[in-house]
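Shared between the two complexes below is subunit A, which pairs with subunit B and subunit C, respectively.
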Partner chain A sequence: MRYVLRRLAQSVIVVFGVSIVAFGLLFLTGDPTEVILGDGADRMTVDQIQEFRAKMGFDRPWLVQYASFVGKALQGDFGYSFIRHQPAYEVIVDKLPATIQLAAFAFVLSLVISIPLGVLSATRPNTTVDHAVTALTLAGQSIPSFWLGILLILFFGVELKWLPISGSGTWKHLVMPGITLAAFPMARNMRLTRSSMLDFMQRDFVRTARAKGISERRVVYAHVLRNSLLPIVTAVGLELGFLLGGSVIVETIFGWPGVGREIVAAIGSKDFFVVQAGVIMLALIFAGVNLLIDLVYVWVDPRIRLGG
Partner chain B sequence: MNQIRLLRSSLIALGLGLATVAPAARAADKPVVVLLNAEPVSMDPMFTQADAHLILTIHETLFRLDNQGKVVPAIAESIKMLDPLTWEIKIRPGLTFHNGEPINADAAVFTFDRAKKLFAEGKGDLTFALGALKYKTMEKVDDLTVKLNMSEPDPVITAHMVNPELSLLPPKYYTENPPEKVAFAPVGAGGYKFVSYKAGQGVVLKAFDKYRLGKPPVDDVIVKAVPEVATRISELKAGSADLMVGVPADLKPSLDKTPGMKVIVAPSYRRLFVAIKQGRHPALADVRVRQAMNHAVNCEEIASALMGGMAKCNIDLINTPYNNPGLKPFAYDPAKAKALLDAAGWVPGKDGIRVKDGVRLALDFDTTNGSYLNDKEIAQVMADSWKAVGIEIKDLRVIDNAINSQMRAKQGAGYRDLMNSSSGPDYTCQGDLLLVQKDSGSNRMSWVDDKFEAMFKAFNQEFDQSKWQKMCWDAEAYVAEQAPVIWMFTEPTLYGVSDRLSYEARPDGRMYLNLVLKGVK
Partner chain C sequence: MSADADLAPAPATVAPKPRRSRLLKRFVGSKAAVVSAIVLAVVLIAALGAPWLAPNDPFAIKLIQRLKPPGWVNSAGATFWLGTDALGRDVLSRLIYGARVSLIVAVSALAISGVIGLLLGLVSGYFGGVVDDIVMRIADIQLSFPTILLALAIMAVLGSGLDKLILVLGLTGWVQYGRIVRGQVLAIKQEEFVLAARATGERQWRILFQHILPNVWSPVIVVASFTMASNIVAEASLSFLGVGVSPSVPSWGTMLADGRQYIGIAEWLTIPAGLAISLTVLSINLLGDWLRDFLDPRLKNIL
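On to the complex of A and B.
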């Protein structure tokens, strides 16, 4: 119980820290009044600009503004989007299904490809297959998602014209953003599966299983893979947060109408309350998923609970 | 071995699966796809300023801007001033909205009342439109005549009615349906009827056959949001889109060689200049010094070498079509610049930098990096040009956009001596002159000139439109000569257009799709 409470407290601290950063964003970009008004300020007098500043509450000390921001956020009030004319919270929630759809597709894709390839590589060490998988892992972890996305667009969209370049609506629209988003976790899981499998394959219980005459397929899948799954499960759980947060760039490149694209659009249109709501909601999801994984991990492996 | 076989089979299956997605053949009846950079905020004209392209396409105002940027009657047939606070507007007969409701005085009164009510309740995005058009009420006179009662005299009233926020709305539809429905299922009187909208799939539009200017030449249009410019360009290259705005200038040479598309360069209303801040260095208060700084810069060479020949040097205080065509930019003439500085008492010191009463003519120059095409490089060239006539840029600082917006606040209170800057469009000469008017938020130079203020005041109170051109040109000529800024050029806008589409770019950069899409092959 103490472990659970401690992890819960840590999550609250993380979200609190993110709230400070999200609030600070408003001021890091300069005078928020001038930034929000943009060219509109060109047609206003200095007095009108000052009036707008007072109306938005930007003339108050920043500590007062922060306290007001946190107080309202705790009640689910992240302010009003002056671009979309609806509560900032609703703007983000409306876009959440599309982001979850993309993240879920990428999540499944990364698992379906990475674990079989990791097993394949581990069961054939130092062969061409192993080298190919290792090269793929290296590429997946080192290629930036925006670059991979553009490469896919140029190849499958512009040259071959097989897949739609942007937007949503059909399964075909999911393919390129899904691959782009899944590339990094896919590579990481492949590497993790391979190394974990290789580690367990040297263990005594595997040698014993082989000595007992159990088929190699059963040794690999029933004994080695099952035991190797514990670190993979942890990494895979953390990926959910990564996939939701990492979709910001991918959604923008592929015009996918999710939370990430909304945040980028809100930054462009200086709709700061939407940016703040989006950042804090993603942080909440990330912290929530991490907390859940930690709790599941404790349940799966009691050594952590006892150690804690 | 089994796993390898499985992997191989999977890859083959994936390849075959993708291969079945055959590219669709191009046809003239394929909808024209227009790419914008953001999903619409709303298609209710009173709730968005960000979606002007769409609003102007679906809706229609009493007055609007033609393809040359001039204010012309649209739904209004004529306007007459009854007294400085009362105007009578006649509506064209026989017009209907997309849903068949008649366009008449009731519709106009409903629209103007709705705007007033929303504005009073703090709803909608009407600050700009109702800040410009200061009316009290609109009254019905007869079925096709309304009376607009103003709260203050407004000589440029028609220009203030072109704002898309004041597009006429069908009263029955907008009364019977809730705001959240009409926001994404609009009914208007523009060239295109709304068909459907879904984020990620775009807004589907159909040509309105009863449009007051006749059915638009392109039948079907999809307006789609693609935020990333590289993706928009890829859509054009792939042939899956027909029109995009904001092609990066440095990509023009390579895109010009891409088969199936072209890049159209058109002027925009965004004026680029270097602001000269008053109150820091004493030399800058002297008109001769400011003129010398203009003469010392070779704008034509900058336009040619750094803007790819796409910008034209001019006195860009007033946008077309109201600007003074007789006004010539300051000629590149270093000798004249030196003579003006000599006459102002700034004489070369030992190191060539000019001095007066022990004060060096050494200035601070801030420049953005990437806000405009080659802005940092242009600033460096200008610094070198000024040094050649004895003006030192002692600190050329590159600042980012965020800091720039901070510095622009409070009439450029954070500005140092020089700052490259820009200003957006207006539809009137009076509006453009605000750039240098003492109370305006856009006057970031803190430049105050009594003679100009008198000219501006007189111009703003003049109702006789026949006098406007001379007043505008006189004011522009006076300000040009006073050189409160280093005059540069208007920023060009680049459109990517598919070969099958015939497109006419407008000088104001706006895409009234019914006016700019001229046909499709």
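On to the complex of A and C.
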């Protein structure tokens, strides 16, 4: 219980930090008015700019501005997009389902492929299978997602014409972005599964299990794999951060209509409030899921509960 | 090792001589490490010697010779081994100059985050208490942002540019160093040689920098090698998205962004740059793995 409370307090601090950083973005260049107006400021008179500054409240003390920023954000008000003519919050929330769909697909894909392959290579160390999996791991960790995406488009989209190269709608649209986004976490999970399993295979309790005469299959799955999964559960939280961050790139390459592509488009059109709202939203989802994972962890691994 | 150093009272941490020859032997014994080192040497030479190695001006825009395939020769007799891009610039020359941008950004950012992370990790691990709490909370907050997203947001506000990119990657990259150094310090400060130094009444800062610091170099070097790889990818990613270096600068990321618009028309725009990034990152990763196993195999569990 003490752990849960401490973990909750930590989340509150993180959310506070996210708000500070998101608020601070406006002041990075020294003048928030400039950030919001962008090139538009060139066409305005000094008086108009002053008026805009007063209207947005940028002439007030920082603390007051921050309080009003948080107050509004709590009500779902993240400013207005002058380009989309829509509240920034709505622009982002509309795109959220697409991003979650893509991230979830990539997440499942990475686990479904990496864990069996990791088991396969750990149970046959130093064989051809093991070397192939290791090579795959290295490639997956070294090929940046944007290039992998381009290669897939070239091969499956342009050459073979099997899959659509951009957009969304059918399951076919999901395949290439999903693989591209999943590649890196897949490689890492494979590596993790393999090394974690090799580690547990040396332990006494596994030797005992073998000595009892139970089948090798049962030793591998019931004893070794089950224990090896714990470090993978830990890595899952970080993985989600990668999926959300990576979605920005993958969505841009494949024209996937999600939050990431929206953020990049908003950067291009200097639509600051949309960028801010998008970043806050993704960071909050990330923090929320991490909290959830840690709480599930308490339930899975009683050692944490007891250790406090 | 100089004679002076040999005569000086040897602190426990000075690497004894046999270790160096062991390093060489084990290095040559690993094919992956040797090949990686060769690849990285090529990249380094390209970066340092770009003005002499590049066959053509990487900035020269000539629309009349746009999108020519690899091996094309113009009327003046200049050969474009990897073809030209949409503005008629030489792809090979841009690739060579791209190595320069990649390495400058990756190394400078790495140095900034390394110094910050090392100092914060040392101080928070050794002194603990409130300082430790604050540093670790800041680390938590930063980890709550996917790094690329944080860098993207900051660059979006600041605008693209080499110097800004270095600063942003440098300032956001310290957490990994900080955490690992802190963990090591927590363990080392319980060791007898530290307790002994304390018992003799040495000053805290002296203990921290003379006794503890030399023992955390291994993980720092290993983290640095992995950060080097992730910095190269981050530079390319951000440049690809248009918020890294400014679009006219020849970087592997901007080359891919340009080439993306001509997928299916001009593969020579995307293949070389992508290959350059992947091979460089792969080599750094392999060398990093090797370095980790050589310096301290126990790090395998945490890195």
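The working rule: the second predicted complex is superposed on the first by the 264 of 308 C-alpha atoms of A that agree within 3 Å, B and C clash if a C-alpha of one lies under 4 Å from a C-alpha of the other, contacts with A are read in each partner's own complex, and residues count from 1 in each chain.
In this text, a residue touches a chain if its C-beta (ideal position, glycine included) is under 8 Å from a C-beta of that chain, and two chains touch if they have at least 3 such contacts.
Note that this is a predicted model, so its numbers are computed, not measured.
Of the two partner chains placed by superposition, only subunit B is touched by A:Gln48; subunit C is not. In the superposition on chain A, A:Ser168 makes contact with subunit B only, not with subunit C. When the shared chain is aligned, no partner comes close enough to touch A:Ala182: not subunit B, not subunit C.
Contacts of A:Ile253 after superposition: both subunit B and subunit C are touched. Contact with both subunit B and subunit C is seen for A:Ile150 once the two complexes are overlaid on the shared chain. Using the contact criterion defined above for the overlaid structures, shared-chain residue A:Val119 touches subunit B, although it does not reach subunit C. Shared-chain residue A:Val129: touches subunit B; no touch with subunit C.
In the overlay built on the shared chain, the residue A:Val158 is in contact with subunit B and with subunit C. Of the two partner chains, subunit C is the only one touched by A:Ile267; subunit B is not. In the superposition on chain A, the residues of subunit A touched by subunit B in one structure and by subunit C in the other are 28-29, 35, 150, 153-154, 157-158, 165, 252-253, 264, 268.
Residue ranges of subunit B in contact with subunit A, taken from their complex: 3-4, 6-7, 18-19, 21, 23, 37-39, 41-42, 47-48, 50, 123-125, 127-128, 131-132, 198-202, 224-228, 230-231, 234-235, 237-240, 402-411, 423-424, 426, 431, 434-435, 439-442. Those residues of subunit A whose C-beta lies close enough to touch subunit B in the complex are 28-31, 33-35, 38-46, 48-49, 82-85, 95, 98, 116-117, 119-120, 123, 129, 150, 153-154, 156-158, 161-169, 172-173, 175, 252-257, 261, 264-265, 268-269. The part of subunit A that touches subunit C in the complex is made up of residues 10, 13-14, 17-18, 20-22, 25-26, 28-29, 35, 138-139, 141-147, 150-151, 153-154, 157-158, 165, 195, 241-242, 244-246, 248-249, 252-253, 263-264, 267-268, 272, 275-276, 279, 282-283, 286-287, 290. Contact residues of subunit C toward subunit A in the complex are 137-138, 140-150, 152-154, 156-158, 229, 233, 236-237, 240-243, 256, 259-260, 263-264, 267, 270, 273-274, 277-278, 281-282, 285-286, 300.
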